[in-house]
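As written, the chains take the letters A, B, C and D, and residue 1 is the first residue of each chain.
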Amino acid sequence: MTENTAQSSAFTAKKASGGDMAFLTKLREFSAWHTVAPPLVFFAMLLVVGVFNSNYLGPLGISIATASAAPILLVALGQSMVLNIGSIDLSNAAISLVGAILLAMTIPAFGVGAMIAVLALLTVIGAINGLILAYTHVPSFALTLGTLGILQTTALVVSGSETIYLSENRELVTTLYSAKLFYIPLTFWMGVVVAVAYWVLLRLTRVGQNMTAVGKNESGAILSAIPTKWVKVIAFAISGFTGGLAGIAIVAQAGSASASGLGSALLLPGIAAALVGGTSISGGLTNPLNVVFGALTVAFVPIAIQAIGFNAAAQSLVYGIFIIAVVTLTTTRTRGLVIK
Amino acid sequence: MRNLSIKNLSGPTGILAALVVLIVLFSLLNPRFASVENLQNVLFQVSVPLIIVVGTSLVIQMGSIDLSVEGVMGAAGMAWILLSPNTRLEGDIGVWAWFVALGLGLVLGLITGAIYAKLKVPSFVVSLGTWYVGLGIAILLYGNALLPSLTSEALARWPTQLTLGLPNCFWLAAVILAAGVFVSHYTKFGRGLMAIGNNEPIARSNGMPVDRYKIAAFAIAGTLCGLAGILATMQLGSGSPDIGFGQLFVVIPAAVIGGTALSGGEGGVIRSAIGVFLLIILNNGLVLAGVDPDYQSGVFGMILLIAVIAVAWPQRGRLKVAK
Amino acid sequence: QAKIEHPEGFNPDEWVIVASVINTTNPYMISNIEGAEAMARATGIDLEIVNSNNSSQTSISSILAILASGKKPIMFVNTVASSDAPPIVDAVKQAGGYVTIWWNKPDEFKPQHIGDNFVAFQKHTGVDSGRCGAQALADALGGKGNVILLPGVQDSTTSKTRVAGFKAEINENYPEITILEERPSNWDPQLGARNAKDLIVKYGDQINGVWSADDGMQIGAMQSFENAGMLDKVKFSSDGLYPKTLEDIISGRGDNAIVGETFHRGYMASAIGLYTAYLAASGQIVPSELEDNKRESFFKLSCVTPANYEQYLQYDEPGAPDAFVERLIETGPWDTEPVPLIGGGVEVLPES
Amino acid sequence: MTQAYPPVLKLTRISRSFGKVKAVNNVSLQIDRGEVIGLTGENGAGKSTLLKILAGIERPDEGTMEINGKVANFRSPNDAFKAGVGVVHQEQSLFTNLSVAENIEQQNQSRMGLERFGFQNWKRINADAAAVLKKIGVNLDPKARVGDLSFVDRQMVEIARAVCVEPGGDGTPLIILDEPTAVLEQAEVEVLEREILKLKKFASVIFVSHRLDEVLRICDRVLVMRHGVLTSDRSTEGVTKDELFKAMVDDAPTVSTHARSSRPIELKPAIEVQGLTMKGKFRDISFAAYPGRITALVGTNGSGRGRIMRALFGAEEFDGGTIEVAGKPVHNWSIRKAVAAGLAYVPAERKVEGMIGGYSGTRNIALVHPGEAARGQILRPGKMAETAQSWFDRLDVNPNNIKQPLDQFSGGNQQKVVLAKWLNSSDLKVLMLDHPLRGLDVGVSQAVNAEIRKACDHGTAVILIPDTIEEALEMADEIIVLRDGQLSARHDLSVASDLAIKEIVAEMV
């Protein structure tokens, strides 16, 4: 999806210096900006809210922000791994919801074993997405839209349209949410660990290197004998796996799960978080560590709105404006990258 | 570069074939599917997404995406009904309601386009933002007074009334569709969008007013969403901020299935339109076939998968790039 | 204009009244808000409205945001989904507040188990609502005919109980009424309209009656039947008696198409919920000492027909919410007409 | 040259820098009516940048520019176009999803008088395009989709587009061709040369090329740039290649003549094909490539060389025939198997297929054969940098910055890195190169050729698709000639003493 030839860099470089808005040109020239922007923007928001309500500057603010961010973060991490290879996974939020339901059903009986089994299953589901993409060349958007539908049904049918409530082994998962380390719930730490892991994967392993290569220039990758099919399968498997972790975070928070309950609206926030975290929607560019702050920002927007005390009816409007403002500040504007 | 270029993944032939297969299938499952009422019913249902998809595909052809559909529809629809004869009994300004509502759509589109083109923010997120902005406007307009519904029979009936056997709302959609085809094939602007989608840097280096084209495309999309919002409100007979609910996940898939590659530069209005028909008929057929509601979205997904795979299969190749 | 005398040692400034609604445009939600406003006026305590925007996550996050303000919440929550209840209750408990949940919670998640901070779970029983609709519709059809059903969101308890009630009533008392098909329409008027249209095509004039799980979807459905020119041949019944529905009943739209409704008001729900929570917060009741059906409570809803709707008009007069709160304060949360407590526990679905 | 007219182009003290790089440094020159000017210089000398300034793509930092006597400061490519400057860019700049006609008429629809409403008059567009194509003697269907054309046809479309310019008044068009011949084959180059001489009649031409004899053959005057500076500007009469070399590079390259490997043919072939066939592209191709020998595939474009090579590399399915690597026949052949078996392929379309532009040199080199730089899956950044650095030094890649994204390098240096990527393999059996010197200057070409030979001497079999037959003669031990998909002749140069170019051309067409 990206045209990033030397030539294009020449042209857009000119564009930059011929720039539209002075300060944005500055941003663009300060190429490191997109790596520092996500954290900066998040803490700026925190500060602003803190002005209205000092409690947010303390541990409380952090713990609330992180608590609500955890599921979004995990979904976003999976999504950014897929975006990084130049595809998109519309089904990963649905995967996490199915995951949450399965977990809620199986944990009472099998405890930790259930978690492992479910994670494995969801990883396979993700991998299947990848396989179909790799071997049929269906555009991932259409493909995962199809799987999305199937998973929605799965969620309904598996849960028997009921809300599955964890009675046995409840604390086994809920502690992940209630137990805090430095005021931050374990579910969020889980996300942080995963982010670090994926960072390492992308920067320090061949698979990771190949993934980014595919995202930057698939033709080049193919002719460099990169196993592009595997790369795709793995990326989507990762998306499925991370979706499963998101499922755990959901169950941990709700102590129950249902097809239209918590986690049923994670798709768009997830993608938004990935983008706010500096991931390029055209592929070949992501930094899992920044996605952490992307997720925090996206999750914090509604909190901020509530905390600043906007009228309930005005909240959607403000939310929209926030999102645009935030992304305007955080988008990657690397030289030669065509913004789509 | 031959087999390396991202080929339009589904020729209109492929998608048309898929459509025909569906129609035959559903007709077998339930004879009423092929009835005249159902034809009118389907045309009634496609008209709103058809109008939207014209704008959507213009935007996607240049490699961008517009998620703001539902929000813009809500805002425009709400503005329109509140300014038309409705049960809240105040604020009827007659035909001006149309101008205001469409203007609202236009402005929202302009905003999206301007932020995208000038501030270089990915259209995906900008339009996600304007989605909520539009929704917010709708909610504020709605306030907490009682639900406004059309009092003018003429307006409420217009969409369903038949002209030459087809419902008016479809004729409206057809006109928009024709205009869309014209724009994208017979205007410098339309071709420009294709060029931008194919290779933006070159478009710039050829001195094409890329930013202006981008903004214009989003403005058109916004206006059309506005129109769709009005039409949907008419069809429902009463206003709701969520009037556009679910439309986004009809029009974008429709465009994609129709072969308008999200990477831009491929596909076209007609193909997307076929995509719309495919999706709407799919849903309509599933209901008529009496598929268990629990399984509806699943069956939907399955058929969608099979359709796109069938269409993409022939284009497989070693050096094929699949995003 | 009611005014509450706070008991000794209760300082209103330490508290905040919170009403969490699913959105701000559905007439029922708007009514929820009105009830909360009335309560706030009566108690002189600040009010915070939480707009969940139909998203569980937003709902929970926003509630957390309010808890961060430092004040202790007296809270009414109309949950987006059952699974929201536990995290919300936990948060309120930690903040030392008191919450009443309305409509949705997991059955196994009981106030009795959680403690005093989860004051009560309250609802109008869906089964009764379904039965009301069934009776009205079936009687209007003279006990014979074919009906279609438009349930709400598939996995919502509210919708499922209402559907179960409807079916049970039909099975038990109206052998000659056939249910042709049910098409869940997600509480969405347009989806209601679309499904209705498809079913019209499918069954044509076989359809004699339409039941919807709430008025929103019925509004959509009626539009489709009107467009198909069948509005005066088909009867409708549903739940909620929205203002729009009331108009249609009064105007006798489509040859008195609407034959049955249920009456209950959002402001009554929020007022009862908040008042119960307030009583707990101000120490006037100790939840753990209440009998179970006051912790998991069913409140009455009334069957409305074109014959008797007038008697409910009073509750939509301007100022009705304040009037209701006034009586609520006199008679207590469990004995206020027209929505007194009628039972409790977990709603059991009748066999059908 | 009559001086009645103002000069077509007059540059005074033009400069343009990118960051530290002074791409164009204080250049002054003048071009008169009907002149054909050759412009040459090393990769990165600043030629393209200078031309981009003329074309209104880049803006000069300093200096003034006059076109047909009018001072010109172009704000956009359109201004340049309207002033009568038509450009064929070095990198192809066509819209692959649009028709030939659309691409040609892309910029100059002003001529259609419908501009104001922006309507497309397809009849008119196609007619005009057809006329232009005819004018430059190319026969292509104006309605054809550019994406479906071969590289060369696309080049022709570029030229057609450039020729469309119509300067106002009695002004003369200035046609700029940035390395147009780089992608062309012998035959097409001749077509193009004739074409340029036709242009002379109504336009002035700037013609960039690294092939000096070409320049000397068709140009009236030749300019040489070095490090952004104009180092020589003289009439082509009586200039020798060596003089130009001197102006180009600080020290004239030592033209090394390659001692043909005298290894016996009995040696086991590294790769051998029998009756290889791909319907409609090539058929019944049989030949073998031996360790330490260079086999050149020559033929006109579309002769199938590229595809044969792609088939050998597993990049395209073939319908019939067998491939044997190291004596063993291969089954369901694929790129990955090929690479595992020690094959390497340097594609003709460097930017799209040869490299990951967004990646640094370090990563590009570690992509296929990381060797030391990876333990199993785990990459070792230290080693990666080391490896990259050693290659950058060995091939002296410029700028010598292993961290810089590859697409910011000039073509020649990119090609060096692409080579390094493959050469980094511990045992390279077969090295296949499709037009490896495309767009490279003399110096870099020497360097690349040297590397190819070095690989050869280490016992790698090389299969080469050269740009020119000279190249083939210079490099190859054996030349295999293809004519429309069939093997038409083969010459073992270690036997055949002196082979005439004419002969081979005859066998090609």
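We take it that contacts are C-beta pairs under 8 Å (C-beta built on N, C-alpha and C of every residue); 3 or more make two chains touch, one makes a residue touch a chain.
Chain-to-protein mapping (UniProt): A = Autoinducer 2 import system permease protein LsrC; B = ABC transporter permease; D = ATP-binding cassette domain-containing protein.
This is a predicted model, so every value here is computed, not measured.
Within the contact network of the assembly, the step distance from chain C to chain D comes to 2. Comparing the centres of all chains, each the average of its CA atoms, the largest separation from chain D belongs to C.
Measuring from the averaged C-alpha position of chain A to that of chain C gives a distance of 35 Å.
Chain B (ABC transporter permease) and chain D have Cα centroids lying 44 Å from one another. With each centre defined as the average position of its C-alpha atoms, the distance from chain A to chain B (ABC transporter permease) rounds to 27 Å. Counting partner chains per residue, chain A shows two or more touched chains at residues 5, 7, 11, 156, 161, 219, 222-223, 313, 315-316, 319, 336.
Among all residues of chain D, those that touch two or more other chains are 57, 89, 93, 315, 335, 352-353. In chain B (ABC transporter permease), the residues that touch at least two other chains are 4, 139, 144, 199, 202, 205, 294, 318-319. Contact between chains, as defined at the top, is found for A-B, A-C, A-D, B-C, B-D.
The touching residues of chain C, counted against chain A in their complex, run 21, 24, 33, 48-51, 53-58, 60-62, 64-66, 68-70, 80-84, 86-87, 90, 104, 106-109, 153-157, 160. Against chain B (ABC transporter permease), in their complex, chain D makes its touches with residues 56-57, 76-79, 81, 89, 93-98, 102, 106-107, 109, 115, 118-120, 122, 147-148, 151, 314-317, 334-335, 349, 352-353. Contacts from chain A toward chain D in the complex involve residues 2, 4-7, 9-11, 13-14, 18, 203-207, 209-210, 212-213, 216-217, 219-227, 284-285, 336.
Listed in rising order, the residues of chain B (ABC transporter permease) touching chain D in the complex are 1-2, 4-5, 185-191, 194-195, 197-199, 202-203, 205-207, 265-266, 318-319. Contacts from chain B (ABC transporter permease) toward chain A in the complex involve residues 4, 9, 63-65, 67, 71, 115-116, 118-126, 128-137, 139-140, 143-144, 199-202, 204-205, 249, 252-253, 256-257, 261-264, 294-302, 304-305, 308-309, 312-313, 315-316, 318-323.
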